[in-house]
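One chain, chain A, appears in both complexes that follow, with chain B as partner in the first and chain C in the second.
Moving on to the complex of A and B:
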């Protein structure tokens, strides 16, 4: 086969090209081309309807001086970090417990995973009912348990709105991370634990000196997926608070779509500027790219 | 004996925590179901009661007809099923080509597939919106289906091609000797052997499309009759000016959630392994 000319290989491969055609068409039109489009758009001022106006780096300068962008970024980072630490430790704990030969572990596993399959938009609506300020169940439970004296407007109070959303997000996603950790735990060979036991290590020391180091490779992937996924949070914020009150729970993607789809159901309170939306999108992309890069490096150092 | 008492105590605490989290997982869904069967005044009087005074199934009829959830349900089914079939078809063809054939450009295709994994789809939604508009695909279910299909390509192709590689190449050669061409081998020999991975991809795509909110929202903004369930539900909620009709809203939410929850209950094993594989390998 070697030494075959390029043309001959090309001719011989016509079948493969036909097989790839639908994917390539979809891919170039809706995945590759939009990347160049969004870069170009970020140098323009455009309301989406009238003539586009080239403005150079103006959108980027505006982004750096936009207090709401920084606020949205700060909120997103709070969201990312809370999910990272609270959700992943919860998930690891669940995985360790449900990996043991506990009675009923199958039942608990399937119940804990159930929220993962639900739509975040639909769940967001249901939770906004549970968290409702006057007669919401959440308020009633907390006051009845004596944890709180008066009712709170969880989603309407700038102090709590973001954390209420984070709580719902953890409810929704902890199950999938539990399953990831379970996959990691099951890949640790049993004989290592036998050896540790022979050496006199109790359950706690087995966990610290055996389980955690062995989980490292999969944990790095889980952390990366969690960070990247969390940076893109949109549904819950849009459905539960719309970024409010007064941008108290605004996140990057929701802020982007306010400019990108202003005047529609998505965008409220701002003037349409799709060039600016594109710039915010590039900001999001750069953050994710840098984080991914460092993650991959970090993973390699450990090896 | 002290040690034993301690261990029993620990076990009780552990089970207590597990039961507590199970209740937290299930409560919102139970609350939704019970509210969906109450009257407005009953909700105002007592939101806590999980068993309604009388089961008002009429709420579902009202949500289905007056709340337009019948239309939304139909749209969700059409979009999800068509996307699912298109993804299975297009992704398995490309996966077959990149896993089995060595052709010029193969590496380029693989590279661009992987590269787009790092581009958040959210960041390119505005351009995608305009491209769809120029192609006349906006405000139509067809447009939504095409873009959803495009979005599911990468992970699907990756999973399917990895599976194809585990099928011995001898089979292809044998099929060729028997007179099968490339397409016949793909369709009659390899695809039937790949049922497990096709099931995984089907579940992932089904879940992603059925639950999607952002994309259908952007694609149906000026056509309320094209909304899918999540988009319709959110619009239904914003439609209440003063007091939200929680029974109807919860009936709508239940109509949106139940199909996938029921599917999960019956196909649990496939859901868990499929979603884990999709995220970890993709």
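Moving on to the complex of A and C:
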């Protein structure tokens, strides 16, 4: 209750506190501690091996003047927006269709969901083969259909690399958002549609004036999860192009990874710059935090 | 806190293994997978002779350095481990990871090795030896004899000049009609530009760091010409399509699958073609082609596969026993005979031993090779893209060659200046006033 001291509250609900303790401890060790550690690291110069050196705001100033960081950020934003508009529209469309009394809808629901349960790394490797310019299936299909004259190196061409990855990412993730939308659609009571039909609303007007507003709460969550998830994209980019050629498909997390971890083996051995990597991470964190804040604010408008 | 968690996590399996056996356990880490078969066989022999030592081998390939750092953070490093054969070894010495090996390395013992095996910034730091390189790797051109024959070229006459390389690649591609190509490079991960640009530039007298002036010099004619050669071959259509979405493994597979006729690589390639890929490709090995007007520099050779002892090991003598075995004639001979590498002990590199594995004899031909002195490049905190990324940008037309190389040198020299000012690097250590790329 309001005004109660901590001791009183502790006495009253000590059982709940004890039950929470293990989770809190794990949360502190694996979430809170690393966050503060990374913030601290961003003010240091450190190769991960020898002594750390405090450099103040140097890493942050460097970040602002780093053209590759801005390039990676721009690519990440393109990735986020493409996923947001293309993937979520597709997911909504698929959910609406598969929510109708379509024959075989259970089969299609499973099929569309299948890529979601496949490991991203495996998807990356398989699609690298499919998109291969020498003997890849994708090029063969396009040329057989007469859409292209010669094979194209989709992942190796600086102009198409990022978009090829986006295409694969949409294929991989559309299923999970379809399921979220399906859940939202199924929570809309049928009698509302009956009432709309009585009022003379056709399917399109029902979709615009009934389905969409009713989906609003779940759509907000889906959009937020999609934005946060897309900003954190790493595995697909790392496996399919490694951010190349020359940062053409570089995203922020992969760029952070390159500085954070020293390469091994021939020709790639360099000292890691973990302080700068931490700064890149903080930059990304700030962007996601600001976006999420505004999104939640906007979401409340008109509620 | 972090150390404690890592320690608890990583020590658990070790705890059980030490309970299970009363032997002294020596944990051995490497990133070499290509010679695993021979090493396993030799370690089995070691186990027979040393029943008191239980040797546990761990291989981490891709993220070896990171795993090693994690093990050190956890306070649970391996007893014997592979160290980089370049200036990065300084970092590990500074961190206090490595134990000096001087007490075991008697002058007699050291005499067995070829000159240069023990040198600063490769295996020595501050006058102490911290590692012993066991292999010498060379830069070579590999060519597919089957495809040479198909294109009407003499399979015993590989290209000797850059002009010939380009011409052969063009002719083979023409003969291939889309089924096979003249040249292949797997540039998905841009480190391969070290082989295809830096090594080629060496034959034109180019090297990244001027040992005379102590300045970086990527922005120089030899490098620009090496870039131009590769770009011209790409423009000719002689390079197998998809170079940017293919890694070096896939490029080597294309070579072994008779899809590409020539590839530049290290002397580890025969071991990969035959041992790892189990391919029966009919290949030849040649020295890197040189500029049309003649050679201006020797191709690089590298010391490699070196082993160090952890400063934290509880069993230094047993750890040394493992390294001693890996430096023995018996062990090194097995590696050479299996075609894994040329040994740093010349007595082992006999024609009989080298002649057993396909391509090994040619890979070991050191006539046009030299071990370039170490450079401080690996130790620098470079701001912005490193050479390999810049190379990718140039080759793909994303960067202007002159501007990009000038900018790279400027950033490298700036990072070098910072390292010197911070006292992390002594420039004098890297200067060789009478350096000549044509002299061994």
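Rule of thumb we're sticking to: the second predicted complex is superposed on the first by the 270 of 303 C-alpha atoms of A that agree within 3 Å, B and C clash if a C-alpha of one lies under 4 Å from a C-alpha of the other, contacts with A are read in each partner's own complex, and residues count from 1 in each chain.
In this text, contacts are C-beta pairs under 8 Å (C-beta built on N, C-alpha and C of every residue); 3 or more make two chains touch, one makes a residue touch a chain.
Since this is a predicted model, take the numbers as computed values, not measurements.
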When chain B and chain C are modelled together on chain A, clash or fit: clash
Touching partner for A:111 - first (chain B), second (chain C), both, neither: first
Per-residue contact with chain A, leading partner among chain C and chain B: B
Which of chain B and chain C A:122 touches, first, second, both or neither: first
First, second, both or neither for A:261, with chain B first and chain C second: both
Partner chain in contact with A:33 - chain B first, chain C second, else both or neither: both
First, second, both or neither for A:45, with chain B first and chain C second: second
Which of chain B and chain C A:253 touches, first, second, both or neither: first
First, second, both or neither for A:232, with chain B first and chain C second: first
Where chain B runs into chain C (options 27-35, 99-107 or 135-143): 135-143
Residues of chain A at both interfaces, chain B in one complex, chain C in the other: 29, 33, 37, 48, 128, 261, 264-266
Parts of chain A lying in touch with chain C, wherever the complex brings them together: 29, 33, 37, 45, 47-50, 62, 66-68, 128, 131-134, 151, 153-158, 161, 241-242, 244-248, 261-271, 273
Contact footprint of chain A on chain B as seen in their complex: 14, 18, 21-22, 24-26, 28-29, 31-32, 35, 44, 47-48, 89-91, 93-94, 96-98, 101, 103-106, 109, 112-113, 116, 118-120, 122-131, 135, 146-147, 149-151, 153, 157, 181-183, 186, 207, 210-214, 217-218, 221-222, 229-231, 233-235, 237-238, 244, 246, 249-250, 253, 256-257, 260-261, 263-264, 268, 271-272, 275-276, 279-280
Contact set on chain A toward chain B in their complex: 6, 9-10, 12-13, 15-20, 22-24, 26-27, 29-35, 37-38, 41, 48, 94, 97, 102, 104, 108-123, 125-130, 135-137, 140-141, 171, 175-176, 179-180, 183, 218, 221, 225, 228, 231-232, 234-235, 238-239, 253, 256-257, 260-261, 264-266, 274, 277-278, 281-282, 284-285, 288-289, 292
Chain A partner contacts - residues on chain C that touch it in the complex: 1-2, 5, 31, 61-66, 69, 72, 84, 86, 88, 91-92, 94-95, 97, 187-192, 194-195, 240-246, 254, 259, 266, 302, 304, 378-386, 388-390, 392-393, 396, 398-399
